[in-house]
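Shared between the two complexes below is subunit A, which has subunit B as its partner in the first and subunit C in the second.
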Partner chain A sequence: MGRYLLRRLGFAVLLVVVASSASLLLTQLAPGDITSEQALALDPAARARLRAELGLDRPLAAQYLSWLGGVARLDFGRSLLYSRPVNSLLGERALNTAVLAVAALIVATAIGLPFGVYSGSRSRGLGRSVVRGLSIVALSVPPLIGSLALVFLAARTGWLPVGGMTSAAGMDASWARWLGDLARHMPIPVLALALPLAATLERLQSQAIEKAVREPFVAASRARGLGHAQAIIRHAWPVSLRSVLGLYGVMIGSLFSGSFVVEVVTSWPGLGRLMYDALKARDLYLVAGCAASGAFFLAAGTWIADALLALADPRVRSQEAP
Partner chain B sequence: MTRRAATFVLLLAALSLAAPLLAPYDAGLGFRDFLHAPPMRPHLQGFGAPVVHPIVLADRLEQRFESDPTRTLPLPWFGGSTDQPVFLLGADNFGRDVLSRLLYGARTSVGLALLATVGAVLIGALAGAWAGLRGGWVDDVVMRVADFVLILPVIYVVLVLRSVLPLVLPASTVFLLVTWIFVAVGWPFVAKGVRAIVAAERDREYVQAARSLGAGPGRILIHHLIPACSGHLVVQATLLLPGFILGEATLSFVGLGFPDPVASWGTMLAEAGNYNAVARFPWTLTPAVAIFAIVLATNLIASTHQDRS
Partner chain C sequence: MGWRWWSGQQQPADSGTEIVFSDVSTRGGVLTSSLRSEPRTFNRWVNRDFATDLISQLTQSKLVRVNRATQDVEPALAETWTVSPDNRTFTLTLREAAWSDGTPFTSADVLFSFQAIYDPKANSVLASSLLVGGRPLAVTAPDTRTVVITYPGAFGPGIAMLDNLTLAPKHKLEAALAAGTFPQAWGVATPLTELVSLGPFVLTRYEPGQRVIFDRNPRYWKKDAAGGALPYLDQLVLEVVPDQNAELVRLQSGQIDMLQQQVRPEDIATLRPLVDQGKLQLLELGVSTDPDLFFFNLRPAKWASDPRGSWMSRKEFRQAISHGVDREAFANTVFLGAGVPIWGPVTPGNQKWFSPNLTRYGFSLDKAKALLAGLGLANRDADEWLEDEQGTEARFTLLTYRGNSSLERGSAVLREYLRPLGIAVDVVAIEQGALIERMLKGDFDAIAFFFSSSNLDPAMSADFWLSSGSGHIWNIGQATPATAWEKQIDDLMHQMMASVDHAERKRLFDQVQNIFAENLPALYFVAPRMYISASARVGSISPTILRPQVLWAADTITVRTPASTGQGGR
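And now, the complex of A and B:
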C-alpha cells in the first residue's frame, strides 16, 4: 500500500509541473502580452522598455528556465497584473476556493448519501419515486444554471446578499460578525455547486445499496432478527460505500470546473476568477501559478480519495502489490 | 434507449436548423422603443387565431410598460407589422425579441454542440478502436493520454486553450475554434469505452471469421468492431451533447466565446449575469430554461436506460 500511494504521489508532482508549464508556455505563445492587454496607451518605445523591465523580451526558453528555477524553490514569481508575489495571491484565493469546494462537498454528501440509502433500500413506494424525481431534476441543474437561478431568486426576494464573499460592512467588524456575514454569502454558491453533486451521489449510493441488499449476508442478518433499517445501515451500507468512495476521486475535477463557473457568477474571489483574470490580461506567471495550485488541489483530492478507497477496499491494495 | 436518444438528437438538430422558418424576427433586429419589453401573453378570442394586447412605454426612466387591453394584435406568424412588434418571451437590452434570439441561438449553440459531438465520437471511436485492436504501446500511449485528459477539470483546459488565440475573433472563427477545443476534451470519454469493447471483441469468432476470409484491419474495424460499439457511442453522444451546449454557454457567458451581436445561448445569458437586470427582467433567463430542459431530457433518457439494464 505504501508503494501504491508513493507512485500516486509521483504522479501528483508530475501533474503540477506539467499543468503549470503547459499553461505558462501556452500563455507565452499567445499573441499579445501584459503590456498590450493592460497598458493600451503606451507608445512603442515605452512598451519595449516595459517589456525589458518585466523580462518579457528574453527568449522563451530563458524565461521558462528561470521560472522553473523559481518553482523548484516554491517561488512562482511576481504577478504582472497585481504587482504582487504570485504566492501570496494564490494563498488567499486558494483558501476561498477551498472553503467553497469543501462546503459544497460536505453539503452534497450530507444530502446525497442518506437519500441514496433511502431510495436504494426501497423497491417501490411514493418516497422512493419522489427522491428519484428530485434527484433527476437536481442532476439537470448544472452550476451555471443553478447559480444564475439562485442569484435571481436572491435578488428578487432580498433574502440573501448577492455576490462576493463578505459585504463591505463586514470587513472591519469583529470575528463573529465577519463569520456571520460569510455564512450569509455562502448558501448561494455552495448550493449551486452542491446540488448536481448531491444528485450524482444519491444515484450511485442508491444503485450500490440495491446491489448490496441482495447479498446473502444481509438476508442472514435479517434472519438473525435484525430490523430492516438495522440490516441496511449496519451491513449493506458499509459494503456499498466502496463504490461510492470511488466516485469522489472522479468528482474532484467536476467540482473544480463547477467552482469556476460559480465563482464568476457570484463574484466569489476564488482561484477560478483569478485564473480567468490572469488569462485575459496575459499575466503568464499568475496563470502558471493558478494552474499549479489547481493541479495541486486536484492531485491532492484524487490522492486522498484513492487512499480512502485503499483503506476501505483491500482489493485495491492487493491489485497494486508487486 | 438507443432509438429514443437518436430521436431526441435528430429533433434538436431539426430545431437548430429551423430557426429562420420559426423565428418571428431577425435575431439582430432591435426595436428601439421596446428595450426590455416584458413578455406578452397570448389570448384566445372566439375561435380565431390567438392575439395579444400591444404594450406601450409608460415610463421611460423606469422602463415600465403597460398593456393596452382595448386593442389587439395578431401573432407574428399570422400577419402583423414591425411597427408594433409582438414579444412572446420579452425583449432584451437592445429591444431584440428573445424568442427569435432563442431560436437563432439554438442554431449557434446546439449546432456547435452537435458538430463537436460528432467530431468527438468519430475521433474517440477511431482512437479507442485503434488502441484496442493494436494493443501494446499504442494502447498504452492512447489510454494514458485519455486518462490524463479525463482527470483534468474540463473548463480550465477549455479556458487555457481558448485564450491562446486572440480574445476578439470573428464569429465563424470562434465557431470552428470552440468546436475543435470541445472535440479535444470530449474524445477520451468515447475512446475509453470503445477500447474496452474492441479489446474484448477482437478475438471473438465473428472477427476471426472475417480475418480468415482475408479482411484487413481497416475493414474489420469499420464493418465489425465499430458496429459492436454502436450502443456505447449513442450513449456517449447523448451525454456529451448537453455538456458541450453548457460549455458554449459558459465560454460566451464569461466573454471568451461568441461576440455579443451573435445570437447564442451563452451571449444571451451574459445579460442575466447582471443581478440587477435579472431581478427586473426575469425573461433574460430564458436560455437557462432551454438548457435545463435539454439536460433534463438527456438525463431522463439515460436513466430509463440504466433502469432496464
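And now, the complex of A and C:
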C-alpha cells in the first residue's frame, strides 16, 4: 500500500507541474499581455519599458525556465497584477476556498450518502421517487442559476447575508463573534456548492447500494437473521463505498478549482475569483499559480480518496500488494 | 447635465447647474457602496484601473478640480491663482493643508509630483495627460506656498489641465522614485499606515477580495459652506462584488447603499417597486458622454493587398452603413429604449461641446443601397450578399469585447441591420487585452469599442482627434496625416487647443465635428441614458454622468441613521 500511495504522490507532483506549465505557456502565447489594457494610455516607449520591467520582453523559453526554477523551490513568482508574491496570494485565497469547500463537502456527504443509501435500498415507493426527482433537479440546475436563486432567496427573506465572507464590522469583533459572522455568511455559497454534489453522491450511492444488495454475502447475512437495515449498513454499504470514494477525489479537486461561479456570485474571496481576475488581466504567473493550486487539490483529493479506499476495501490493498 | 427622480417629476437640470439631492446635513454614519473589481495597486500615478482611480479620488486631492456636474474649474489645494497675459503661466497660491500623518503640504510636494510623473522610469499613466503639444509643463516653486507653472504653449483648457494631476507625498515616495522603484510603491501589500491622504478619507483597511474601508480624514482641508469640517461621513465601505446581478440584489436587500456604476436598462423595472415604496432612489443622470462606437481599420497598409480595400476604406461605404441603421430601433433593442440617437462622438450629454447641426444619416435603405451601388457593389450571384466587380464578397469581421453586454448586443443588431443591405458581418467577441492588442497592431477589419472619458473638453482627448494620437484608433499614431480630412482636423484641433476664447474654440470644434461626420472614421448610433440608484437614506449627492458618478463628491454625502428615517437600514 505504501508503494501504491507513493506512486500516486509522484503522479500528483507531475500533475501540478504540467497543469501550471500549460497554463503559463497558454496565457503567454495568447495575444496581448498584462500591459495591453494600459496600452492606449502609454506611449510605445513607456509600454516597452514596462514590459522590460516585468520581464515580459524575454524569450518565452527564458521566462518559462526561470519560472520553473522558482517552482522547484516552491516559489511561483510574483503576481504582475498585484505586485505581490503569488504564494502569499494563493495562501490567503486558498484558505478561504478551503473553508467553503470543506463545509460544502461535509454538507454534501451528510445529505447525499444517507439519501443515496435510502433510495438505493428500496426498489419502489414514493420516498425513493421524491429523492430521485430532487437529485435530478439539483443536478440539472447550472451552478450560476443555483447560486443566483439562493442569493435571491436570501435577499427576499432577509434571513442571511447575500454575499461576502464576513461583514465589515466582523473584523473588529472577538473571535467568537467573528466565527458567528462567518457562519452567517456561509450557508448560501455552501449550499450552492453542496446541493449539486449531494445530488451526485446520492445518485452514485444509490446505484452502488442497489448493486451491493444483490451480492451473495448480503443475502447470506439476511439468511443468518440480520434485519434489512442492518444488512445494508453493515455489509452492503461498506462495499458500495468503493465507487463513491473514487468520486471523492475528483469532487475535492473540483470544489477547490471549480467553485469559481459560486465565488463570483456570492462575492466569496477564494481561489476561483483570483484565477478569474488573473486570467482577465493576463497575469501569467498568477494564472499558473492558481492552476497549480487547482491541480494540487485535485491530486490531493484523489490521493486521499485512494488512501480511504485502500483502508475501506481490503481488496484494494490486496491488489496493490507485491 | 443633472438628474431627476425616476418618477419624472423633475427634469434633468440645465447645463452648468449642479443640483444637490436632499439638504440633509446629518454628520456621521457609514455609507456602503460596491466595487466590481479590486484595486490592483494604491499607486494612481502608475495605474488607471477604476478601483485604483476611485480610491485615489477618495484619498487624494488636486490643485484645482473640474466640477463633474458643472464642468467649472474650482479651487482645491490651489486657493487662488493668476494667469499671465499670454495665458501660459499660472502662479498658484497653495492652501495651508496637511497630509493625514500631519506633514504639511507644500510646494515641494507639487514639484515632486510633476517630477515623478515625468520621470521615464516611473512609467506614469498620468504623463500623457500633462503634456502640451507633447512637451511637459515647467514647474517652479519660489516659496513653500507658491507654485509657478508654465505651459510650453497656449492651451485652451488652461488651468483645468491640472485636474489630471494627482498630488504625491514627497516625504513618502521620494525614496522610491530615487531608487527606481516608484512603480512598485504603494502596492496593495503596502502597510496602510504608509499611505497618507490629502483627501476626505483615509484608507484604513483593505480585506483582499472583500472590501476597502475608509475613515474620515480629520485633517481634510475642505470645509462646508457653514465652515464645518468635511467629510460628513464617518466611514465609507466599498464592498467588492464582482457580479452585477449580485450587486443589484445587495442593493435591493439593503446590504449596500448604492451601486458604484450605472444601472443597466434591464434592471430598471426590477428596482421600480422599491422606488415606489420609497426605499430606493433611481436617478436619471442624462445622456452618456461615452457612447459605444464602431470603426473600420483605415490604415492604408491594411488594405494595400486586400481586394476589399477599394470599397471598404471609402467613406461612402461607412455612410451607407450609417443610413442602414435605424437608430430608434437600435436604442429600443440594445438599450431597451433608454438611449438617444447620435451621429458623432460628442453626445447631447456633453452640452458645452455638442453640435446639433451635424450631418445626419437618416434611416434609409434606398440611400444606403444607392451608395453601395456607387461603389460597384451588387449582388452578382445567387446568395444574399453583395460582391464587387472582382467577385469579392461584401463581408467583414467585427471584433468586440466579450462580456460587455451593450457592445455584444449592439454588434449582433448591427449584423442584422446590414443583412438587408447585402453586407455580411462576422461578429467575434474576444477578451479586452487581445482586442486592444489587435487594435494597436492594425490586425482587424472593424471593431465595436468604447472609450471612457473623465473630462469633457475635447482638447483633453486630443489623442483621439489628432492623427498622431494613440487614441486615433482607426489609424493610430500617424507620422503625417494619411488623408486630407485628417490634416484638416489636425489643423483645426491645434487652433482650438491653442485658443483660450471659448466661443472661438467651440466654433473650431464644430468644424471638426462636421468633418468627422462627413468622413465617419467611427460610427455612432445611440448614446444610452444613464441611471444610478441609491438607498433612500443617502442624501446630499450630486451625481453626474462621469465616473465615479456619485463618489466624485464623497465629502458632502450624508446618510440618515435608522432612527431618523424609521427604516431598518442594514
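Here is the rule we use: the second predicted complex is superposed on the first by the 302 of 322 C-alpha atoms of A that agree within 3 Å, B and C clash if a C-alpha of one lies under 4 Å from a C-alpha of the other, contacts with A are read in each partner's own complex, and residues count from 1 in each chain.
Here is the rule we go by: a residue touches a chain if its C-beta (ideal position, glycine included) is under 8 Å from a C-beta of that chain, and two chains touch if they have at least 3 such contacts.
This is a predicted model, so every value here is computed, not measured.
Based on the superposed arrangement, let me know which partner A:A149 touches: subunit B (first), subunit C (second), both, or neither?
first
Please indicate which partner A:F256 is in contact with in the superposed arrangement: first for subunit B, second for subunit C, both, or neither.
first
Can A:G294 be said to touch subunit B (first), subunit C (second), both, or neither?
first
Is A:G163 touching anything from subunit B or subunit C once the two structures are fitted on A? First, second, both or neither.
In the superposition, A:G163 contacts both subunit B and subunit C.
Thinking of the overlay built on chain A, is A:S83 touched by subunit B (first), by subunit C (second), by both, or by neither?
So A:S83 only meets subunit C here.
Considering only touches as defined above, state whether A:L274 meets subunit B (first), subunit C (second), both or neither.
second
Give one of first, second, both or neither to describe whether A:A46 is in contact with subunit B, with subunit C, with both, or with none.
Only subunit C; A:A46 stays clear of subunit B.
In the overlaid three-chain picture, which partner chain does A:A30 touch, first (subunit B) or second (subunit C), both, or neither?
A:A30: touches subunit B and subunit C.
Across the two complexes, find the residues of subunit A that touch subunit B and also touch subunit C.
30-32, 148, 151-152, 154-156, 162-163, 264-265, 276, 280
Quick one: in the complex, what on subunit C touches subunit A?
30, 32, 37-38, 40-41, 47-49, 120-121, 123, 125, 127-128, 183-184, 187-189, 205, 207-211, 213, 237, 239-243, 245-246, 249-250, 252-253, 255, 431-434, 436-438, 440, 463, 470-471, 473, 477
Quick check on the complex: what are the subunit A residues that touch subunit B?
Touch residues, subunit A against subunit B: 19, 22-23, 26-27, 29-32, 136-137, 139-142, 144-145, 148-149, 151-152, 154-156, 162-163, 207, 253-254, 256-257, 260-261, 264-265, 272, 275-276, 279-280, 287, 291, 294, 298, 302.
Write out the stretch or stretches of subunit A touching subunit C in their complex.
Within the complex, subunit A contacts subunit C at residues 30-34, 36-46, 49-50, 53, 81-84, 88-89, 92-93, 96, 148, 151-152, 154-156, 158, 161-166, 168, 171, 264-270, 273-274, 276-277, 280-282.
Please give the residue numbers of subunit B that touch subunit A in the complex, ascending.
Counting only subunit B, the residues touching subunit A are 150-156, 159-161, 163-167, 246, 249-250, 253-255, 269, 272-273, 275-276, 278-279, 282, 285, 288, 291-292, 295-296, 298-300, 303, 306.
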